[in-house]
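Just so it is clear, A, B, C and D label the chains in written order, and each chain counts residues from 1 on its own.
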Amino acid sequence: AALQAHFDAVIDADGKVEPRDWMPEAYRKTLVRQISQHAHSEIVGMLPEGNWISRAPSLKRKAILIAKVQDEGGHGLYLYSAAETLGTSRDQMLDALHTGKAKYSSIFNYPTLNWADVGVIGWLVDGAAIMNQIPLCRCSYGPYARAMIRVCKEESFHQRQGYEALLVMMQGTAEQKAMVQDAVNRYWWKCLAMFGPPDADSPNSVQGMRWGIKRISNDDLRQKFIDATVPQAEVLGVTLPDPDLKWNEERGHYDYGAIDWDEFWATVNGNGPMNKERLATRVKAHEQGAWVREAALAHAAKQQQRQQKEAA
Amino acid sequence: AALQAHFDAVIDADGKVEPRDWMPEAYRKTLVRQISQHAHSEIVGMLPEGNWISRAPSLKRKAILIAKVQDEGGHGLYLYSAAETLGTSRDQMLDALHTGKAKYSSIFNYPTLNWADVGVIGWLVDGAAIMNQIPLCRCSYGPYARAMIRVCKEESFHQRQGYEALLVMMQGTAEQKAMVQDAVNRYWWKCLAMFGPPDADSPNSVQGMRWGIKRISNDDLRQKFIDATVPQAEVLGVTLPDPDLKWNEERGHYDYGAIDWDEFWATVNGNGPMNKERLATRVKAHEQGAWVREAALAHAAKQQQRQQKEAA
Amino acid sequence: MKAPVDYLLHLADNALVLGQRNAEWCGHGPILEEDLALANNSLDLIGQARLLYQHAAEQINGDGALAQRFAHLQGARQEGRITEDTLAYFRDTAEFRNHTVMELPHHGPLVGYAVSERDYAVTIARNFLVSALMVLVWDRLQTSKDAQLAGIAAKSLKEVRYHLPHASDWLVRFGDGTEESHRRAQAAVDHLLPFCEAFWQPGPAERAAAQDGSGVDITTLREPWNALVDETLSEATLTRHDQPHEGYVAQGHVGVHSEHLGFLLAEMQSLARAHPTAVW
Amino acid sequence: MKAPVDYLLHLADNALVLGQRNAEWCGHGPILEEDLALANNSLDLIGQARLLYQHAAEQINGDGALAQRFAHLQGARQEGRITEDTLAYFRDTAEFRNHTVMELPHHGPLVGYAVSERDYAVTIARNFLVSALMVLVWDRLQTSKDAQLAGIAAKSLKEVRYHLPHASDWLVRFGDGTEESHRRAQAAVDHLLPFCEAFWQPGPAERAAAQDGSGVDITTLREPWNALVDETLSEATLTRHDQPHEGYVAQGHVGVHSEHLGFLLAEMQSLARAHPTAVW
């Protein structure tokens, strides 16, 4: 009870909980679930963009894209490490991903169908992710908050790169412009859904708020994202595919149309366009890499034996 | 001895030996070796051209190429059947191919590097093959002779198609012409080597001549091929890559330069540019197809069992 | 009358893309006879595609508005006019109108740039599911109000009447063969059947063609297709898990493809696009 | 002075093609750390390629005869001038001057259009054999008479000094790991070593560069390369079977490639070639 009281005091004072500190089991579980889900999203998120590395249309864009996908892998690494401080191993987390027990961001269950998708993922998907993640830089669990500071910094850089790539395409040929518009049409609504169900239908949020893991509501973040994005779309010269999208003077915000939550939930529940493909690809990489990991372990064991012999 | 005398009489009379007839063991072995080697060449020969099916530059050429590669597979089928009449099963022959005991035409150990290679294989490789094969249409073993009649007819068609494709390319862009010349440069000498070592170094030929399996010497066939091809090259507008190639009024034939027999033998002995790749590809197809063949057998056995039960 | 160009392209793209896939086995088949059978299937499909593209090209060249719509396709033209090759080799991924199922690689579900061994069970299962559709489609299209399309249908029907038994016989052998072949066949059917749901959600071009009598109302073929599929699956001792269908319906036929078509076209079009003015 | 353009293209093509191959693992690696390591390797190589192509492009644009020789490459030009992307995306297979070993897929010997799972042992063995060469080459090129090339060499040397231990450590783990990893590593080394024979048969561009002091006499690196290779193979308990070399020597560096490069370039160049005038 004293431990709980100390924990509550830290939370109330907006302080940081550290790995060595006592924490309620539910807090630990919630964090492991959230951090590992985030880590999985980074790893699965390498695939949609990785799909275009081999075909990037210039060497500069190829280098930028590889570096970006590499950063995502790096984010995955720190996030797995942050989750490991809570007592769950990377193997356990990967196992949960591969058996379908753990989730990852549903946005990665859509295909990347033209080169502009890469830019749109930077601009809109990373943009939405940053909106979701900035509050986490102040989250109550220290290792997660610190990981998120680094992640957010790099994501902002990716977002600007994505937007810049689209700006160049929009100054290009008719085909290039059409690619950008096509990508925006396919991704816009999925990005709005990334903020999660409307607040009214979002049961986890209250406890998350209390614990300082979640700090702003889904609908508020979504509105913030839309308000920030509409002017960027205007500068870019693309149409956002929502006839109901317009400035509401009274609210001081953009109004927007109805999100297709059935489609969202179908995808979350495994029936999106690429759920099977994304997961099977990760599982395959892991299974086919087993001999590599085993070799590393076997060699390390041999080395150790040899050193012990020498020492003896 | 009476059997041998009868066999000799058939051979001397230029008659046909049929599967049911007695024949010397050496004759049978030689034929199995030659026919199966020819069958293997057809099958391995599907690969260099098959390499371009997916990239054929027009639908018409794609259809022609698929049909051609299919014909090669068909030739493989009749030739395996012809060899089977001599008491060796297709499985035994494939096993000899896959373990490296049986050979196939060394020309297929070179890569196909541009689209014109497909045309040049038709014109020169098939052209050389036909020169080698036409005499076999009169060979003493009936099933082989009959298979060769059909093979030669189709090969002649392929040769004309190949030449026609090159004619079109030579009327095209500078890049197209360069492709044809490049392909001719890479294939010309290899095609001359297809007729086998010079007569002086060709020990098998005498017995083959005696048996009516071989009817014209290597050097004579090679000369015939060169004499026929040079005017075709002129019409096409390509240069054959041999500075010593010129008409010899006295001989009534073209003189030609020295063939690099070291390179030829290195390739025959397994050290050409693609020996490992060609063979490994065939072995892989066979091994990975094992479950398909097993399924067919298992299903046939089940069907038979069911029919027997019904009959009982 | 003439069928809508987009409907012809839908039919042509189906044939070309599946023909391209099936030809990938050439030289790599499990038995020589199957190399030949698939090459034959592929030849038939490419032949169908050519007739359909030619028919589409004639219409495009003969109609100012259509010519304008396809003006951005500059390759493989002859005397400025669009050819079958312009349509096959110079349209981008999003302009293709084939069903997604045609473009899938010969293996289970994986992302676009993954690599995997080819699985003949996937090849056979797809040829079965598609041929079962096309025997019905071509049969109906024999009475298309577009006489040229009706002619193509009559020819294509004869061909697909060979393709269907070839594929269904093998599917039965696999399903009712060994443990491994059964497992592979079931996995292939499970993988592919959901993509077939798209057959029954016609796009605008198919609806327009059904309306004007040049095409077929595809939804009326669902029952006979189900009957064909169920009969063979049952003989193959395989199970259907796709009913009722939940979730995403593939949209290749309206231009939203899987990640696979881009790679297929990159390879298929590479040489033609490198030499857009060449004649082959 | 400037190194011969064809020598710069040889170095650039080596880097680009191997970088393209190594990036194929991105998202598919055996351990997340290896995805990152290979992405890093690929980034370094593409960075090297860019500097080398830029250097080559400057010379081409500044020299009438050279400009004429490259006049047929019309894509990705800027104000009519050749760019790094013109050289990377608009040359045909036979114009590439990389060593054949760079373009091989991540599996054992198979024909160009075969498919196979990727084998990390092949990837590691190639990176080892190539990095062992390039630490020596870049070290020497630091004193190239072409000052710009010397600068690129100094930067590249730092990078390859990371690549070499990464690859050799893994090769040792594989060779001296499990039975399977040993078998794979030995097979990979047996497959790749014969392609390395080409390193010691310089083409005209390499010979010209060695002669004018902008390049390196590659044949002088054979002994130190053998020493590097033998040392690691011995630590890895792997055997060299390639000496003496018999038979064909790969000729990618003089433009005669394997069947694999065509497919690699078809994919890599597909988008750029579909939009030759676009700026990205």
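Just so it is clear, contacts are C-beta pairs under 8 Å (C-beta built on N, C-alpha and C of every residue); 3 or more make two chains touch, one makes a residue touch a chain.
Values in this document were obtained by computation on a predicted structure and should not be read as measured data.
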item	value
Geometric centre distance via CA averages, subunit D-subunit A, whole Å	34
Centroid spacing, where centroids are CA-atom means, of subunit C and subunit D in whole angstrom	39
Sites on subunit D at which at least two other chains make contact	24, 27-28, 92, 111, 113-114, 116-118, 262, 266-267, 270-271
Per-residue overlap in subunit A, given as positions that touch at least 2 other chains	47, 50, 53-55, 175, 281, 284
Arrangement of touching chains [line / ring / star / complete / other]	other
Chains grouped in pairs wherever the two touch, ordered by label	A-C, A-D, B-C, B-D, C-D
Subunit A partner contacts - residues on subunit D that touch it in the complex	16, 20, 23-24, 26-36, 39-40, 42-43, 46-47, 49-50, 53, 76, 84-85, 88-89, 117-118, 120, 172-174, 176-178, 180-181, 184, 267-268, 270-272, 275, 277-280
Subunit D contact footprint on subunit A (complex, rising order)	43, 46-47, 50, 53-63, 66-67, 69-70, 73-74, 76-77, 80, 115, 165, 168-169, 171-173, 175-176, 281, 284-286, 288-296, 298-300, 302
In the complex with subunit D, residue positions of subunit B that touch it	47-48, 50-51, 53-55, 111-114, 174-175, 182, 186, 266-267, 269-274, 276-278, 280-281, 284
Footprint of subunit B on subunit D - complex, ascending	72, 92-94, 108-114, 116, 191, 246-248, 250, 256-259, 262, 266
Subunit D-facing residues of subunit C, complex	24, 27-28, 92, 111, 113-118, 262-263, 265-267, 269-271, 273-274
